[in-house]
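Residue numbering begins at 1 within each chain, and the chains themselves are lettered A, B, C and D in the order written.
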Amino acid sequence: MSTSASIRVTVWNEYIHERTKPEVTEIYPNGIHHTIAEAIRRLNPNCDVRTATLNEPEHGLSQDVLDATDVLLWWGHAGHDQVADDVVTRAWQRVLEGMGLIVLHSAHASKLFQRLMGTTCMLRWRDVGELERLWIVAPGHPILHGIEGDFVELPAAEMYGEHFDIPEPDQLLLISWFEGGEVFRSGCTFQRGQGRIFYFRPGHETFPIYHHPQVQQILVNAIEWAYTRSGNYRADGRHIPQSLNSIRK
Amino acid sequence: MSTSASIRVTVWNEYIHERTKPEVTEIYPNGIHHTIAEAIRRLNPNCDVRTATLNEPEHGLSQDVLDATDVLLWWGHAGHDQVADDVVTRAWQRVLEGMGLIVLHSAHASKLFQRLMGTTCMLRWRDVGELERLWIVAPGHPILHGIEGDFVELPAAEMYGEHFDIPEPDQLLLISWFEGGEVFRSGCTFQRGQGRIFYFRPGHETFPIYHHPQVQQILVNAIEWAYTRSGNYRADGRHIPQSLNSIRK
Amino acid sequence: MSTSASIRVTVWNEYIHERTKPEVTEIYPNGIHHTIAEAIRRLNPNCDVRTATLNEPEHGLSQDVLDATDVLLWWGHAGHDQVADDVVTRAWQRVLEGMGLIVLHSAHASKLFQRLMGTTCMLRWRDVGELERLWIVAPGHPILHGIEGDFVELPAAEMYGEHFDIPEPDQLLLISWFEGGEVFRSGCTFQRGQGRIFYFRPGHETFPIYHHPQVQQILVNAIEWAYTRSGNYRADGRHIPQSLNSIRK
Amino acid sequence: MSTSASIRVTVWNEYIHERTKPEVTEIYPNGIHHTIAEAIRRLNPNCDVRTATLNEPEHGLSQDVLDATDVLLWWGHAGHDQVADDVVTRAWQRVLEGMGLIVLHSAHASKLFQRLMGTTCMLRWRDVGELERLWIVAPGHPILHGIEGDFVELPAAEMYGEHFDIPEPDQLLLISWFEGGEVFRSGCTFQRGQGRIFYFRPGHETFPIYHHPQVQQILVNAIEWAYTRSGNYRADGRHIPQSLNSIRK
């Protein structure tokens, strides 16, 4: 898809751990959102990037901000409950209208992702810092453009293991191997309404995941993939009084 | 799947129109739920069928009833709002645990189906009584067992037209052709957690749809298909403290 | 996906009917391939378009031509048998390597499409010139960009009807309604290896289908969608002698 | 699906290694086919099981045998090339007509599976005997009925690793973790025509895989799942001269 216009990106982060846990502040001094936003701007100057966090009014996601967002990235972990239901509903409606959504790591448990999936989105986990290999199972997919080789390797990660309670993804892009014995569907695409969704597993706050060049490349590719030049089609329960068939009624 | 034990079926119907619109009472004197329940018992004596309606305490869907239900059928139209949220949540959890769900006609707009789909589930409609042909696009599927020929024909039906705002079905079984010019994905399967879901379009209350032998056959087949002999696997956010790999840590 | 480099397109057409049936020559004086190629160049100057026909040496599809083709369009009808098996194999391998493929109308029965699908790809048909409506079931999909409204209407077309013996498409974009009573899955996407495939139904040679602006728009969109900036990943039966796990063996 | 009639099963094995490699003869003295057939008869007396091998006339798969087979299991490794093309075509047609197919281990490279998939079906491999865990990603699926816990463990197996060049499975049931660092989609379902296909990875001849109780249970479940009580629908390129719509033409 040619993108001559800017892609308007909003990076949402609850921004709790970076301000409360010194080991995290060290990795993300200005917050995960700024690390991600800076990487996007650097790798794709065609993106117009803003950030938003939990503590801002309306969590930084007013109707105007969401209406002006083409692709939303979401990182949350400890504060899912604190996200207001009406903001979730607003974002959910925007996805159905065509706003792309990239769901990062622990945001599998966000209200927004759970609402779009219709399942619990729960999984197993272990936080000891173990080797992770994200194997490519969909070579050639635009989200994986520029990733050399057969897997992305993260020397230390928090394990997520199956069973991951999601609907069957539309397409499975990455499967993770963990040193401790588990596997996980780490890169999954879904479509809801006109909106494209990408779930991407890595990103535990105590590891410098969002500084990793291949992780950044995947995020930038995912933004391009998730961008839908919106049509004007609405799913709207419309009553059609007349037959469209010119021969009938 | 061999089914040596009974399949415990609950047919839920809001049971409003049959008691308020004479033209509907004439077609379904004891309610849509009884017409469907009788057909199931006649066609598959291996089914143990009960009914439940909106006006009963807890809408007839207490935790005990749901725990003892292998497959739930749902017909609703005018009373979606009146279904209590906690009953919806209860039913939703049972689907994830493995209870099958058959969603009938206007129940596309039920809270339960919308929750499992994550979309609006809206569509177009026109109620003039027009010819409908449900074409088979998945021949050989167990839900279509015993259906002769290439389509099921309903001489008079309420039109539902695309765009039907659902996630892409796991499998598409039937596509409807309507006299007035529209098409619709009329038979769709989905999986959520361990639960199998079948959406089946026909069933407007002013037409004798549930008396139609092929419609009854499809419902009975769908009950067998949707029945999951449940495992004990739970998606439960479990922390795994130790690696499962006996060689490591 | 930003496409700064040209997309190299080859439009393959058997070019039999246009030279043997006067009613077809009238609609496509230089052949269907030239009508399509001209439309692509006009609508997307970023495309570098060539044509090839059955009667050329190697059917115009030498290894060099295929290696230099990013997206191949294929129209065939009466001459499927005449396409040499080694040319089919060559094109098949290129699809797996990442060459996009757009399969038009009667090319459902081409050796290349049948090979990629693994099924017969057969269907029903009737050639009386009847109204066709291609309803959009995946609004927002890049292949449908710029298509206003809810359907594309063709006043006279050759009917194709279900059951269309293909594997379940990865995504279903369009469903056709025909005046005579049939339906058909008219816009379907598939992935094979690194190659993206789009089957698009309309295109009977006795109707001016490829002059229709919306049909042309869809073809141009499909070329952009099918274009995969190829990776270097090969599915190659490779023996891995050593464990990749640096901790083990 | 109630199976009151027998399921007629044919277990096909090339039967080369068991007669040429002593270490394999020791594990499968009468051949892999007999080990599997005996397990099926023991676990599901409702199955009527025969065997067939490469060296028999027509490889034991005459038209009569195939017409009388409801589900075919296929194990091959060194002799894929020796399977006659017309026998492959015969089996392929039977799958489209509704014969179930279970593809075992190295049969990923069989002519029959490659033909049904349309891809190379190639993968990576390493034969050192390493720990394999097949994680369940579709709990509740009938093929996994009776499998306790979250994974099936094989203490020593031949590694198969991604990228496995297959079309995206209709459903992914199992993902393998290998001690050496790889992952693999080990349990995959596909549909071609009216036929159901299950690819199941484990089964290298130098390990006693087919003696493993959970492997046997999965095979027996898969036979029940793959059994399609055939309809009479044929995909047959039929010309329909008249409109089916009684109102038109």
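The rule is simple: contacts are C-beta pairs under 8 Å (C-beta built on N, C-alpha and C of every residue); 3 or more make two chains touch, one makes a residue touch a chain.
Treat the numbers as computed from the prediction; the structure is a model and nothing was measured.
K.L.:
Report back the single chain whose CA centre is most distant from the CA centre of chain D.
P.N.:
Measuring from the centre of chain D, the most distant chain centre belongs to A.
K.L.:
Counting in whole Å, what is the centre-to-centre distance of chain A and chain B, each centre being its mean C-alpha position?
P.N.:
Taking the average C-alpha coordinate of chain A and of chain B, the gap between them is 32 Å.
K.L.:
Mind checking the centre-to-centre distance between chain A and chain D? Centres are C-alpha means, answer in whole Å.
P.N.:
Each chain reduced to its C-alpha mean, chain A and chain D end up 37 Å apart.
K.L.:
Multi-chain contacts in chain B: which residues touch at least two other chains?
P.N.:
Answer for chain B, listing residues that touch two or more other chains: 133, 136, 138-139, 150, 161, 163-164, 168, 170-171, 179, 181-182, 191, 193, 233, 244-245, 247-248.
K.L.:
Which category does the touching pattern between chains fall into here: line, ring, star, complete, or other?
P.N.:
complete
K.L.:
Quick check: in the complex, which residue numbers of chain C touch chain A?
P.N.:
1-3, 46, 98, 131, 133, 136, 138-140, 142, 144-145, 147-148, 150, 170-171, 179, 191, 193-195, 224-225, 228-233, 244-247
K.L.:
Spell out the residues on chain C that touch chain D in their complex, using ranges where they run on.
P.N.:
Residue positions touching the partner: 96, 109, 115-120, 122-126, 128, 130, 159, 161, 163-165, 167-168, 170, 179-182, 190-193, 233, 235-245, 248-249.
K.L.:
Provide the residue numbers of chain B that touch chain C in the complex, in ascending order.
P.N.:
Of all residues in chain B, those touching chain C are 133, 135-139, 150, 161-164, 168, 171-172, 175-178, 181-183, 185, 247-248.
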